[in-house]
Amino acid sequence: MIVAVLFWVFSAVAVVTGWLVFRTDSMVRAAYWLMASFVSVGGILILVGSDFLGLILILMMAGEMTIMAIFMVMFMMNPAGLNPMTMVHQHRTAIVSGAGAFLALAAVGLLAEFPDRPVAAGVDATVELGVELLGESMLVFETAGVALLAVMIGSVALVSKNGRYGPADEGSVEPTLEVEES
Amino acid sequence: MPGMGAQMVEFLAEIRPELILAAGGIVVLLVALFTPRRIQSWIAGGAAAVLAAAGAYAVADLADPPGLTFFDTLAADGPGRWATLLLVVTALLVIVLSVEWFAADARQGEYYFLIVFGTLGAVLLAGAADLMEMILAMMLSSVTGYTLAAFHRRSRSSSEAGMKYFLIGALANGAMVYGVALLFGVGGTTTFTGLGAGLADADPLALAAGFGLVVVGLAFKIGATPLHQWVPDVAEGAPAPAAAFLMIVGKVGGLVFLARWVSVLADAPLGWRALVALLAAVTMTLGNLVALRQDDVRRLLGWSAVSQAGYGLLAVVAIGRSSLAVPALLMFLFAYTLGTLAVFGVVVELRGLTDRFAYRGLARFHPWLAAALLIGFLSFVGIPPLGGFAAKLLLMGAVIEAGYAWLAVLTVVNSAISLVYYLRVLAPSYLETTESAQPVLGRKAGWAVAVAAVG
Amino acid sequence: MLTASIVVPAVASAALLAFPRERERLARWFAFGVSLVPLTLVIVAWVRFEGGPGFEMVESARWIPSIGVTYQVGVDGLSLPLVALTALLFSASIVFPVDLRGRARQYYAAFMFLEAASLGLFLALDLILFFVFFDLSLVGMYFLIAIWGHGNAHRSALKFFVYTLVGSLALLLGILGIYLNSGDPATFDMIEIIRTQPLPASGLASALIFWAIAFGFMVKTPLAPFHTWLPPAHVDAPAPASTILAGVLLKMGTYGFVRILLQMMPETFDRFALPIGVIAVVSIVYGALVAMAQTNLKRLIAYTSVNHMGYVILGVAVAATLGAEPGARSIALTGATIEMVAHGLITGAMFLLTGSVLARAETYEMGDLGGLASKAPALTGATMVAAFASLGLPGLAGFVAEFQIFAGTLAVYPWLAGIGLLGIVITAALFLRMLQQVFLGPLPERWSSWTDLGRRELAALVPMLALVVVIGIIPAWLVDVIDTASRFMTGG
Amino acid sequence: MTIWLPIVLPLLGSGLILALRRRRGLVGPVALTAIAAAVIAALATALSESSTTWSWGGGIELGLSVVDAGRIMVVLVPVVALAVVAYAVSSMSEDRALARLLALLTGFVAAMELLVMAADLLTLLIGWELVGAASWALIGHDWENPGSSSSAKEAFVATRFGDLGLYIAAGAAFAATGGFGYEALASTSDRAWLGVVAGGVIVAAAAKSAQLPFSPWLFSAMAGPTPVSALLHSATMVAAGAYALIRLQPALSAVPWFGPVVVALGLVTALAGGLVAYAQTDFKKALAGSTSAQYGLMLLATGAGFTAAGMGQLTAHAFFKALLFLGAGVALHATGTLDLGKLALGRALPRVAVLFGVGAAALAAVPPLGAAFTKEAVLAAAVDSGMWVGIGAVVAGVLSALYASRLHLLGYGPGDRTGSEQGPRVLEIAALSLLALLTLGLGLLWAPGGEEILQELTGGDLAEGKPWELAVSLGGIVTAFAFTWMLWRRGSLLSGGFPERMRRFVAGWYGIPSAAKHLVVDPILNLSRAASKGDRSIVDRMVGTVAASATWLSDGLRRGMETWIDSVAMAFGGGTLRTAEASREVDETGVDGVLVEGLAAAIAYGGEQSRRTQTGMSHHYYTVIVIGGLVAIILALIWR
Amino acid sequence: MTLEALLVVAAALFGIGLYGALSQQSFVMIMMGLELMINGAILAIVAFWWGSTGGNPEGQLLVVVAMAVMAIEAAIGFALVTNVYRVRKADITEKLRKLKG
């Protein structure tokens, strides 16, 4: 009972905040709405019994969204990115597409026949996840690590202003066509 | 779990190329961080060595019997191994091309690291036998791809290319993850071994949605419609060697994976064959049509890459219905890779010269470059005895046998169209002439090798 | 031995490109010397030819066994004359002088390349090999026209390339169709396919395959209405290239009709023999009519090519009519093959002559010419021989061919023969008109300093025309060789 | 092997003449010796009735043989040629192209001999066409003058049209017998094909022998120099037609309608041609008309089945017609004109007048000349095949007497010209005399046993002549002479008593030439022009349609995109713009008008349009992706 | 709380995210949309893990993978945005239209 109520609450919050993300006129607020949406999804995760993932999601999103907000501030060059602004294009198309996607996927959810195999009661999801991670899906885990490493390096290479030898982006352009015949 | 460790070790033995790439890449990175600037370019040698080693092991494994490893998350079969080899070779040649191109760059180290990891990503994608593995492999190769595309951090077009590449890729991945979720829902698992059974009697609606969304992701990877838009932008904006790399690796990895993926769906209630056929048709036609009016050689190559993706999909259409399908796929990838390398090699060699009218008199001043261009293009058209011909031959044979003769006819028409725009580049370089020769970079190895290999 | 005749020119072509800077005379003599090699080889082959049914001097090697592709060459009574023709025409065209635009090496290299491709095509006994050479010939010819052509050469060359490429790709589809039907293991081996006749006589598949291939060859041959690439290509091509285009490349189409359609799917061809024959007759009459209205000398000759190719295909169509009496089919097929050779020699010479005219007058317009007979007896004489041969005068090669074709056709499709005969009168009229306009009548002022044919021009022309006369007077030596093949194909 | 000699010797002579063309002195003798040798060789073959075969290849055997009428013909050709060439050598000695002329003449003889000795239709066809080609060169001898070369062209094309008949005949023979030989043909049972053969041969013969409706080409043949006309009309070119019919009559008579058709053809031409000859005021053209008429008579006889009569007539005609032409040539040479109104050289050139008189008399068939004998034979044959035919033949005979006498009176009758004109040389006189002698010599046929000799020589037979026939024709001749004499006295002989317009009409072959021009030549020419225009414009249309359809497609595609991407209004505005652009494009390609370029333009236009989908703005791409994704899912769902 | 309900919510999140990605001009906002889409995906995965796959641990792992994807995209995305802003002073899609056609 209580679970059901919570579920509906979380769901409502997730969807509404998600919607607000694009209705607000300040990026910072948008960021926090988004965070809210994620948090409520995390809540749902906990409800269905994968507590670990739920918490992870909440924490990660909290962190990330804070970063995003700060980023916005320093990046968007407007004080706290609080100035009102609407930056929207092809609105009709967007609405149609969004609604279309929603209807399509919802239809899948409602009409499609999914095998009815609910999770057994009392399994410790976290332990299983750990086993899976270090067992059968070792490779997946490794790959994820490698990918994250690549991202770190890549983003650093792209953004860092000054690297090991002075300006990092020095000479990072195409060769010019005007050179004397070598 | 007892014996787990031992098992892991033997698994590791089965993926030596991947391991070497991963470890080697990290080594390259570390070295790069502590090398004085003037000898930064030596790192290229290191990266090349890593790739060579991986390639050696790939060759060694070629003969092994096909099978699955790592609890069925990774396939070690013929196509996968050939793809590995092809990718490694590509990366090697690209590195050769890159040395002078990036000579001025202060951060070459990272570049080579990204090349290595990008290769790794594509290799894993080509070998993936598990949807999760597929997602991550794709992330790996995409992320490196975005970075490589934008690697000229002071170039306006380079950064734009990177950004667009990312925007399209991100959407594709988002859709794909949801698709995987649906497939997981109906199939009960993410490994192909499990899905093969699980999807046989799956609910068609969910299956179609999931498959469609996954195909969207793969279409992005191989540059097929409706996610082809990044290809020309990257071809034009990205650093030429990186562009060559990105034109190739995505297709190799993506197509090989797609081929394996559809063979899982063989008896699922799903119209995947017709869908792929349609994608192929639209892709090749659109690519050729748009390429017709390009005056920018690199962009033209991008669009021709799109049409080539369409040809590649032909092989997938025939999977499971024609014994020619898999050979056709590999032959196509082989010819396409070498042709692309040859042509982009010429572009690199000409310092990224990209206005087709600036190619006047190429045959006169750089006969070998012109020859490379000629061979590469004619191979794309499918003029015998070049590799492209064998590829087209097998592809058409495969689709006809698979009962899609109309695709073969369409391929014919498209080949004829493509000839026109290739000639629009060849004509100036062979028929006209100017006084001034085009300036060139120093080394010629890259395209020389490629040309030697074509046909 | 046959292989050598393909390899030698190919190698020579590469060698020419590697030549030290422009040495025109050297390049020419080298090319000419090399072109003599296949010629001698062919003559040897001719001597050793026994003339049984089937192929002789077959040489084969593994190529791509996995999909049943082999390297295989050989000759029979059909291909031998065409190979000889090819070798001869190339030697002649190489001798013939032409404005090289200071790119002699590339020019002769292109010629050598083209020679290798052409010989290979007629010798090939594997469908893939056949197709490979078929396409390579396009590439070579494209560059010859585009680089050394005049007028609107780029356009014409592009059109030639793309148009015929479409044809060749259709052909490729057809070949794949044959391959996929060629039993298990599937093979491209022509001898094998001819022996086993894998394709069913009826059925949609065979029909589609047939028309795909037929379309490919109709473009190449060309038959109306697929001929529109021919006139511009000829008009803008340098004279020797036109000679090769008319003398050799067009034959690839007609040869394919016989070798692939007639030999590999006779029952299917039988179903469509009449339509093909009708198309051929249309080409005959249409080509002649259009030619008659031309004012441009080279264009006129180009259209007569359409007309003559019509004769060839008419003969083939007759030979394909299984119901008919074998003797008639065989004589028609023999005639068609002779027509290929005759047309190669006659029209080849004709195009070389237009080259001589262009070099002196810088125009093809017949209205601007006239009265040249007094200034250039040799040029006039040569043209007259060629023209009369082309309009089918007895004693010259053209008649031998056309008469046999008609004799055969009349027995099978009397009405087609009757209509086709009109072409003979029209060609007579148009050629006499051409001679009259260009060589007879008063000599215009501006040509008072006209010079007659030079040594190299004669050296190129005389052998060809001599052969035309020889075939016309004593056809037996040629007819008998071809007859071995056509009897075998028609069971006559 | 001797059978080849009559062909080879003249050929050698011809080659030799060309080789020696610089040495003007030699060419004449060479030519004469070559032909003289040919005469001897011909005699030899004729006496030995030799025959041979040669291989065409592909198992087809062809043959030469000298039998029946061929025995006469093979000798006749070189003999007449000898006289003509002799005349040419002397009369044209100033012509700088004499060597070419002689070479062609001798070559011409060779070709004709081949035709004569042919034992099968293929060989016949070869000789037939070669004769035609040679005649083209001969008629166009004076090539620098556009008129003569174009009339040569007309002559050749006209006869070649007839040649098609022979092509068909040969083909039909092959279809019927699997070969071409005359004998096989005679023994075949395949009536249908045999009918085709007969028809073909008749057409070919009619064209060569200047029967209706082909007769007019003889006029354009007049463009050639006199010796050429002489040879063409007497023993070669024109004779070929009649000869072929005579030679093939035994084989073809199995076709029921063969005889009647030939008879009708001959009779009609004989009458019509006679009128033409009578009405013409040009010396040579008048003779030409008579030629048609005379060959008409030969066909008449042949068709009636009495080849001996036909062959005899042919022989006699060969001699006197050559003689007459040479006479005309002399007149031309002397006065520089051929207008019958301006000649009357009786006093100026008495000797020639006499010789010409002989010819004219033969033409009029005045006994006891051989010509008269053969004419009677023809008449008998005609009567034999029907009363009306007989009457027609009589009328034709009267006509011939009319124009013969007219010609002589106008051409060589006594006139006011006196000996001032430059007379003929010795050699020319010799040539004329030779022919005159031969003409007279034939008179021996009247001698008892003449008929048998004729039948024996020609291998054919004669109709039983009846005395009244002779009487009738004699009466006709006398009245004809009287009539012309009277007119001549009145000075209205030139017009022949015709009103002028009618005379012109008749003399111009009843307007057949213009009819042919309007009904045959012009339509073909127009057709060909139309075709060559169409060759481009048809292609245009194809281009146009392709371009249009491509435009339509890509336009639709673009609009589909942009209704999503931009606003609908934008799309429509742009749409109209682009369609305008498109139509311009179509127009250009239409004007440009070559298939591949047009196609390329069309496709390239499609390319232009598709390029618009690459707007460069990511959110547009997103839209495309969403649409694509949905489509993909739906397809994957429905296409199972 | 049923599987259907969960899926509908997930679909809603995905749809909203897609709407955002399409409608927003600023790269950053677009990225938020993308994150939201993946958010929906995560919810769907968990739903299946819970409802239809008998708690197959792969489900949980798949969630981890999805999060990784999210993180990776966020990181690289910010890097690229910064870079493009530095070079091109561009922060919305309309400003990046040099490469087109």
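We just call them A, B, C, D and E in the order they show up, numbering each chain from 1.
As a working rule, a residue touches a chain if its C-beta (ideal position, glycine included) is under 8 Å from a C-beta of that chain, and two chains touch if they have at least 3 such contacts.
Owing to the predicted nature of the structure, the values given are computational and were not obtained by experimental measurement.
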Going only between touching chains, how few steps reach subunit E from subunit C? 2
Top-ranked pair of chains - ranking by C-beta pairs in contact: A-E
Label of the chain whose CA centroid is most distant from the centroid of subunit A: D
What chain sits nearest the middle when you go by CA atom centres? C
Distance between chain centroids, defined by C-alpha means - subunit A, subunit E (Å): 5
Taking the mean of the CA coordinates per chain, how far is subunit A from subunit C in Å? 69
Taking the mean of the CA coordinates per chain, how far is subunit B from subunit D in Å? 74
Between subunit A and subunit D, what's the gap in Å when you average each chain's C-alpha atoms? 96
Shared-interface residues of subunit D (touching two or more other chains) are 600, 611, 614, 618-619, 622-623, 626, 633
Any chance you could list the residues of subunit C touching two or more other chains? 158, 162
Per-residue multi-chain contacts in subunit E, two or more chains: 14, 17-18, 21-22, 25, 30, 40, 47-48, 52-54, 58, 61, 65, 68, 72, 76, 79-81, 83, 93-94, 96, 98-99, 101
Going by the touch definition at the top, which pairs of chains touch each other? A-B, A-D, A-E, B-C, B-D, B-E, C-D, D-E
Under the touch definition given earlier, write down the residues of subunit A that touch subunit E in their complex. 3-4, 7, 11, 14-15, 18-19, 21-22, 27, 30-31, 34, 37-38, 41, 44-45, 47-50, 52-53, 56-57, 60, 64, 68, 71-72, 75-76, 87-91, 93-95, 97-106, 108-110, 114-120, 123, 125, 128-129, 131-133, 136-137, 140, 144, 147-148, 151-152, 154-156, 158-159
Contact footprint of subunit D on subunit C as seen in their complex: 155, 158-159, 162-163, 225, 228-229, 232, 286, 288-294, 327-328, 330-331, 334, 371, 373-374, 388, 393-395, 399, 403-404, 406-411, 414, 417-418, 421-422, 424-426, 428-429, 432-433, 436, 440-443, 475-480, 482-483
Spell out the residues on subunit B that touch subunit E in their complex, using ranges where they run on. 132, 135-136, 139, 143, 146-147, 150, 153-157, 159-164, 166-167, 170-171, 173-175, 177-178, 180-182, 184-186, 188-191, 232-233, 236-237, 290, 294, 299
Per the touch rule, the subunit D residues reaching subunit A in their complex are 564-565, 619-620, 623, 626, 630, 633
Given the complex with subunit E, which residues does subunit D contribute to the contact? 611, 614-619, 622-623, 626
